[in-house]
Amino acid sequence: MADIPAAGTVPEMRRDEELTTADGRPLRVALRRSQRQLRRRAFYLVAPLLVFLLVTFGWPIANMIAGSVYNPEVAHFLPLTSSAISDWDGEDVPGEDVFAAMAMDMESGLANRTIGRAAGRINREIPGARSLVMGTARDLEDMQPPYREAFLAEDERWGDLEFWRLIKRETRIVTPAYYLLALDFEYNSRGEIVERPEIYQVYRQLFWRTAWMSLTITALCVLLGYPVAHLLATLPLKTSNVLMILVLLPFWTSLLVRTSAWIVLLQQQGVINDLLVWANIIDASGRIRMIYNQTGTIIAMTHILLPFMILPLYSVMKTIPPSYMRAARSLGATQFTAFTKVYMPLTIPGVAAGVLLVFILAIGYYITPALVGGESGIFISNLIAQNMQGTSAQLKLASALATILLVGVLFFYWLFNKLIGVDRLKFG
Amino acid sequence: MPEASTRQSDPGAASYVRFEGVQKSYDGETLVVKDLNLDIARGEFLTMLGPSGSGKTTCLMMLAGFESTTHGAIYLHDQRIDNVPPHKRGIGMVFQNYALFPHMTVRENLAFPLKVRGMGRSDIETRVKRALEMVELPNFGDRRPAQLSGGQQQRVAVARALVFEPDLVLMDEPLGALDKQLREQMQFEIKHIHESLGVTVVYVTHDQTEALTMSDRVAVFNDGVIKQLSTPDVLYEEPANAFVAQFIGENNRLYGEVVEAGDAGSAVTVRLDSGQHVKALPVAVSGARGERTTLSLRPERVKVNPPEGSVPNVLEGKVAEVIYLGDHIRTRFSVAGHDDFVVKIPNAAEHPRMHEGDMVKLGWAIEDCRALDA
Amino acid sequence: MKRKTLLLAAAAVLPAAAAVAQEGSLTIVSWGGAYSMSQQKAYHEPYTDKTGTRILTQDESANALAGIRSQVDAGNVTWDVVDMLQADAQRACDEGLIMQIPHDEWLAEAPDGTPPSDDFIEGTLGECFIPQILYATMFAYNEEAFPDGGPQTVADIWDLEAFPGTRSLQKIPQKNLEWALIADGVPGDEVYDVLATQEGQDRAFAKLDEIKDNVIWWSEGAQPPQMLADKEAVIATAYNGRIFNAQVSEDQPFQIMWDGQMFEVDGWVVPVEKSDEQLELIKDYLYFATDTQRLADQAKYIPYAPARQSSVPMVSTHEETGVEMQPHMPTTEKNFQNAVQFNTDFWADYGDLLEERFNAWLAQ
């Protein structure tokens, strides 16, 4: 126990008696002041990055999350209707006051071109409502009060209780409706949350598929990357450098080019099928479909993400001295035992870093599944992208889906931290 | 090959580890180990000593099984082992940087060799406990190697190499990473363990003090061959060649050629390059006239201003430097054209202090002046 | 191709920039590729020559709706004129992102004095939309795959025994559902009425189910001709311009099956929040670029039909190859017989719902 200082070498200190500097200031204060200066300088150094991150990262994400619940269309663009309908009991077609308010909202909405946004919002849940509202709004100048009768004469759908209940429900500024949709739920006409009909259910399935395919890809990356990284770490420098370039080469090639190369290789009239036919392993009519499905996505993405597994693994393996394996062998372990009991546990920080990188990258992948995934191999991000190009309601749905994905990734990160400890990871 | 088989079935009874004509080459062009023949007795503490690149570590690795032999055979316990994989050789090994598994606790490290041997849980527990007590770390079982000091790690490494009770333990510069004080302590402890357990130890080091203090015998390696294999005292006092004389301990060298062989090989007369004649004990010279030789002389065997006629060899020397070292005074002289002639003068009453520039007479006995290879 | 476009753009822009920097400039957004080049030749270059106004082009039409929305939301609208599909224009118009356009006030009359609102083909004008071309999406096939003759009707597409092989369809519900109903016997002019009902939708999806296992899906316009050329698919839906290119420029043995072609309109929109000054410039450009001659000129470069009736007789030959363009126009009598107009209003109402159902159906 020579490491522990002998008792008495540390001067004893009484808590209540504060130490002071030479000029009489409390030592604690002086220390804090000198450190504050250092901290401030450090802050100035990172400030540009911080601002950059806030502008390019924090702000858009906050915007996205806000957009996924923001629901101003009914309240803002049908203001009179919104207040008139608040007293409605929802049991019978609303009275003239609501219809008259609707007519006035339409009039002003036509003038300042906001009626379409309200109509679009309602249409999101009642298809056809858009043309109903727009059509009636255009015909409004030919109508006379009482509007209840006039509207019902124009189109009987104005007597639809579901329509009015929706308006009443969606007068709120913040709505969970898009999150419900994103999880394949919806409001029924009574305002209860129910599962959507099966023919419309897609998002949960896609989330689930994205997760398990990403896991499969991650597992394949570990299986393929581990031996390569081991080779890289143990080969003589000259050989390993050549191998390292081969590993890095994909990094320097455009993602699109790599994905297209896989199409050329894997398609039914592609190189691999041609070879198999030529070698008489399959006949020409039995060409294997390896692309435009899950297989294609898994193959192409495993290839593309492999370097992200190999590099952290390599950097960890490089630091494991060969003497550990030798020690294990000299202690009586077979090559296999030495590998599994000594070498592999030591590579866990690298495996974990690789898994974290590959899985998180995979779960948000977009281009490759879009090009080679066909219909069964696409990811949730493909639907997010598709919805982003659509109507504003679809954009909000995309925001909700993206937020759920983000939360999912954060959850995975948290879980990972719990299980492995992120501070133990070695990224390279 | 009847001859070979006889040799195999007839190893020296006293030999426990035996290298037989072992050669090793990495590149197929140069030999790192040249025709090594070595017998190690059971219970012996044998040290392989030599500068880096002399082949000592390669020999150890071949014995452990981590390097293959290019030619020759290695026997352990009368069994040829150079084709046996390392984990089946049953040899304990302590590595240069300990190679304690960082992801296991001390206890798990110690239990590892027992576990892979399929030993029962309670057996393992008692053995690990005993091993920890042996290295005086009974309460450190739950720590990780990183939480131990260098010396503690060293002890655990020794304990791990011994816990499965091998008859042979190899140590590859185990104390290299420790500071001087700790190293000396550990030398003592390892020696103590060796004596109390009676295991055979093959120890590799480039530190001659370590070799001399711990070993039963030392094999001095240079350039892939054993230059001398002897007990420490013989090695120091009777170096067989210039390399050993130079490598072990401090050594003054004078160069010259044999001018006259003495009677019955008891002494030769050597004319130094500076012209003086010196009588020396022929060790590695044939005694032929004109043969080049290196005379080796330990600094503590040189007498300053010896009484007239008490020693056969007397040369004039001029004090070049005086270094006070407490128990002795290290004095450097210019003698016979060399200005690196060192004499250790005991700090005793009969020796007067000397000063730079003083001229003194330096003398020595014939048997302290060994005529070695050039 | 791309380099050519760049050179042309540079040639157009450089002298103009030098001559009339203070004349102002227009940022025009379009689809890129051959289509943008046809506009460059037929509209932009003559306009710059005439007025000196610089025209900056951006190839962003694929993201036009999202792009305009984010510019309007951010209060910084940099796009002046945007080339857009009619369906997207409808959505943008509903959301108030683009200007309403008084066609007779802004646009040129036909040479015979017909007002624009009568000259443009019926059903193509939109509240916020100036039509430019009609293009068709229809089935095309590789002749080599069908030595005895390819499919002749939409119903043939569903006949896997007579016409075996992989079909390639666009990965959207639009048009595919219509064709499914037509193949199931619904007359072209009733398709949207049927599709507006739950039963009609079920029927369309059920019909698609019949060929689902023989379909690969495309998402970029360049994919179907490539798939036909690679024989990854023997029949594909495609834009008629893409197939024309493959036939004429690449000599591919492709045939267009005009039966059941769905034609759609592509045209100009103007984002809101333009300054009066800029708006005058925009109006001037649109007056020029959408007149009878200009629309007819565009057909020299790409086989899309001009949206003005008065332009149709003026369509001549392909500038590059000299091919007579009339037979390749979707509006030519022979090609137009069983044409179905893509109903943007229907899809504005049912798009969200049917896209979701389509995705769910795909994912099953």
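Order of writing sets the labels: A, B and C. Residues in every chain begin at 1.
Methods note: a contact is a pair of C-beta atoms (placed from the backbone, for glycine too) under 8 Å apart; a residue touches a chain by one contact, two chains touch by 3 or more.
For clarity, every value in this text was computed on a predicted model and none was experimentally measured.
> For this structure, which two chains share the highest number of contact pairs?
Chains A-C share more contact pairs than any other pair.
> With centres defined as the mean of C-alpha atoms, identify the chain lying farthest from chain B.
Looking at centroid distances, C is the chain farthest away.
> As a quick test, compute the distance in whole Å between the mean CA positions of chain A and chain B.
The computed centroid separation for chain A versus chain B comes out at 65 Å.
> Between chain B and chain C, tell me the centre distance in angstrom, where each centre is the average of that chain's C-alpha atoms.
90
> Which integer distance in Å separates the CA centroid of chain A from that of chain C?
33
> Which of the residues in chain C end up touching chain A in this complex?
For this pair, the touching residues of chain C are 62-63, 65-66, 69, 91, 93-96, 100, 166, 171, 196, 205, 216-217, 219, 230-232, 345, 348-353, 355-357, 359-363.
> Show me the residue ranges of chain B that touch chain A in the complex, using the header's touch definition.
Spelled out, the residues of chain B in touch with chain A are 64-66, 85-87, 89-93, 95-97, 99-103, 112-113, 116-117, 149, 151, 160-161, 164, 170.
> Which residues of chain A touch chain C in the complex?
Listed in rising order, the residues are 112-114, 116-117, 119-120, 123-124, 127-131, 134, 198-202, 205-206, 209, 267-269, 292, 370-371, 374-376, 378, 383, 386, 388-395.
> Help me check something: in the complex, which residues belonging to chain A touch chain B?
Result: residues 2-3, 321, 323-324, 326-335, 337-338, 341-342, 345-346, 348 of chain A touch chain B.
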